[in-house]
Amino acid sequence: MSNERSYTLLERLGNGLVKENPIFKLALSMCPAVAMTNSVRNGFLLGLAVLFVQVASNVTVSILRRGIHERIRIPAYIIIIATWVSVSDMGLAAYAPGFYKEIALYVKLIVVFAIIISRLEVFASRNPILPSLYDGLGMGLGFMFGLMLVGCFREFLGAGTLWGFEILPFKPFFFWSLPPAGFFAIGLIMALFIWLERKFNAWRAKR
Amino acid sequence: MTRRALSAALAALLLLALALPAHAAGLVRAGAVADEHHITLELAGSLAAGWDWPGNVSVTERESPDIPLTVTGVEISPDRTELTLAVAEPVAEQGAYRVALRHVEIGGVGSEIERFLVRKGVLATLLSIVISAALIQNFVFSRYLGLCIFFGASGRKETAVGMGFSFGLVMTLSAAFVWAMYNFVLRPLHLEFLQVLTFVGIIAIFVQLLDTVLRKVNPFLFKKLGVYLVLITTNCIILAVPLILVGNAYDLWESLALAIGSAAGFALALFLMACVRERLELADVPEVFRGLPIAFLAAGLFALAFLGFSGMSF
Amino acid sequence: MKEFLKIAANLLAICLVSAGLLGGIFIHTEAARLRNEEARLTTSMRRYLPKGAEAAFSPIHRYLVEEAGLEPGVGYLLPTRTGHALLVLDPEGNVLHRAEVDAPLDSEAEREEALAHVLPGARLHFADTYILALGPDGRRLASFISGRTTGFKTWVKLLVALGPDNGVLGLEVLEHEEDPGLGAEIEQEYFRNQFTGRTLEQLARLGVVKLPLPDDYRRCLERSRWAERGLDAAQEHEVCAKFGGEDIHAITGATISSRRVTDGVKRLAGAFVRRMDMVTAAAAKAGLEPAF
């Protein structure tokens, strides 16, 4: 069922950032989006790690797509993801210790992020290398964008800061710093996304 | 088929009960940490009159036998079979403490020095792991893991129950397998760096195996659970549990308790959420909030409620 | 059957390739990672040493020694002037065993092997490690105690730095799982720095009060953040000294976490000082010359 549409970089980026945004539209990999987004910085760092793993696994699966047997594709994908995660974990620990110190907590968990395996299954296993690379970039950036948006919202309201810089001299709503507030933030932003999409579609239909 | 499985499970439980160490028979029958500053001891008989505590009681932490804790008082119960030791330093229920009583006569038997190790019983420890994984540190509402499946499978009560059951099955089996793999293969060979890879590999292969076996052996059960099996691979909890059990150096029973507790907690979360979402369908929700957004808000309320468990110990 | 073999071979190939890849990378990066970790620990310890001081870090490993039919003892693997030695003491501080150890002791595995050689038949549990910073003349410049204590939710791992007079130089929170925004504030400077400068006697009597942190005290506690804004260091020092005798101000909404950490610091520092006295006395009796 491979479709012969040609994917361009721009189209894939738009798809990942807005049309099929992993967090707000596909609702995949919500765990980090809830637990680790009480600041923009956390969101950015985690997004960066996911971007790398997503692109690397997309390309690997795309190269190997004819060699992997249909029946064992899920275990095979998971092993590929786990390999790339371990590689980035060990590589960062050895060559970028300062950066690794901040990101170490998140890296191992990336293995089970549903967004990565679902992109392998839906896209990379059916498309050549270049489009898979673009798709990985788009999805990774979309994920990072989603995390940072939630992070912005919660950090500003919860701590009165953005990226650690003080914006307000007081903490407006401490509630938003608490972990459960992640659910509320995502629910609200998701509703906002739906509302904007409707407005946009209505506006386009009128034209 | 089911009866045989049931009797096998019963046999396993019996084995577990037999494996528990029996209490050594001594002058002190049992001991427990009552609260932050008190330890209670239950004696085998009544304490002879004339014994006084100063200089005759010492309490140390098991890990540091050379640093005595300061005993500030001993209360003897009216029937003289129970002692309550007051300690200045805070003591924790999870800790282990050595208590020594000198020159005591209990139930007519005298002893120069009577030692006792106060710690939680094995069954109590297992139970506390189960409760803590299911409620206090509920994986969905307190650790925020497994959310993809949580939102995907909590639409209907029926799916929630099916998912919860299959998850429990896979979780328990793979936890036992992962435990054996780590302790008998990875650690002796110093291959710890392969742990993530092996764990997800084991889980994925396990799921695939169960899928194949169930399809052949029990098509009826497969029709009910098969859909969920594939989804389980991408559930964060299924990897988090092995990482936790390895990190805490749990033994086999503790690992199983953690797996059962986490599965029960996940099933509970699914069921609660399914109940709410079935009601929500009938409610008059603003249009843009229909479906997932309102489910997120409801989950947030649950998480706030579960925050109330935080810091409890059982 | 043939299909099955094909699938199995396929999966096996993927597993082998990825395990091989990881193994190769592991061998290449492991040494660098260990070096980085050590460097990180050393830098964070150096922060508590006088500027420009020359210091060698030598660890004392503490073990719980259980031998059949005997009261549990405490074993210390300590540096001596000539090499290393194992000293096993009973709870009262009397020497049970002493032995010179001349095997390499750099990794946990090497230490276990050396100890099994020296004390055959005994069960050893590693308890903790004290790190001493020794000056060129063998004087103790600082001591670092790592250990864990119960927090509000699970364990909190602490690193306490003590000076030569056993006063507190500083406190670091290495690991914890407290709630973000509440108990997790224990890792903030304004909480940790409240311990700095307490003498051992003050520490023993230290309590926790539920009072809001005065603004000027907070400012001098958060030194690193405010230093950039050009505050007078000497003046801040004075403010800190003014409040230095007070009890620990609990974190708002996390009194239990604050109290547990305070108790932990008291316990760790107290046990360390007691043990060092015991070890020094016992080593003198046993004819050992410890390097500190």
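Lettered A, B and C in written order, each chain numbered from 1.
Going forward, a contact is a pair of C-beta atoms (placed from the backbone, for glycine too) under 8 Å apart; a residue touches a chain by one contact, two chains touch by 3 or more.
Predicted model, so just to flag it, every value in this text is computed and none were measured.
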| item | value |
| --- | --- |
| Chain contact graph, described as a line, ring, star, complete graph or other shape | complete |
| A-C compared against A-B, more contacting pairs | A-B |
| Remotest chain, chain C as reference, centres from CA atoms | A |
| Closest chain to the centre of mass proxy, which here is the mean CA position | B |
| Chain centre separation (chain B, chain C; CA means) in Å | 29 |
| Distance between chain centroids, defined by C-alpha means - chain A, chain C (Å) | 37 |
| Chain A and chain B: spacing of chain centres that average the CA atoms, whole Å | 32 |
| Residue numbers of chain A (touch at least two other chains) | 71-72, 75, 79, 82-83, 86, 90, 178-179 |
| Chain C: positions in contact with at least two other chains | 11, 15, 18, 22, 26, 30, 179 |
| Touching two or more other chains - residue numbers and ranges from chain B | 193-194, 197, 201, 205, 307 |
| Chain B to chain A touching residues, read off their complex | 141, 143-148, 151, 193-194, 196-197, 200-201, 204-205, 207-208, 230, 233-236, 238-240, 243, 286, 288-289, 292-297, 299-300, 303-304, 306-307 |
| Interfacial residue positions of chain B with respect to chain C in the complex | 60, 63-68, 89-90, 92, 94-95, 193-194, 197, 201, 205, 307, 310-311 |
| Partner chain B, residues of chain A touching it in the complex | 27-31, 34-35, 71-72, 74-75, 78-79, 81-83, 85-86, 90, 108-109, 111-114, 117-118, 178-184, 186-188, 190-192, 194-195, 198 |
| Of all residues in chain C, those that touch chain B in their complex | 11, 15, 18-19, 22-23, 26, 30, 64, 71-74, 89, 91-93, 125, 127, 150, 152-153, 179, 256, 260, 263, 267, 270-271, 274-275, 278 |
| Residues of chain C defined as touching chain A within the complex | 6-7, 10-11, 14-15, 18, 21-22, 25-26, 28-30, 32-33, 36-37, 39-40, 179-182 |
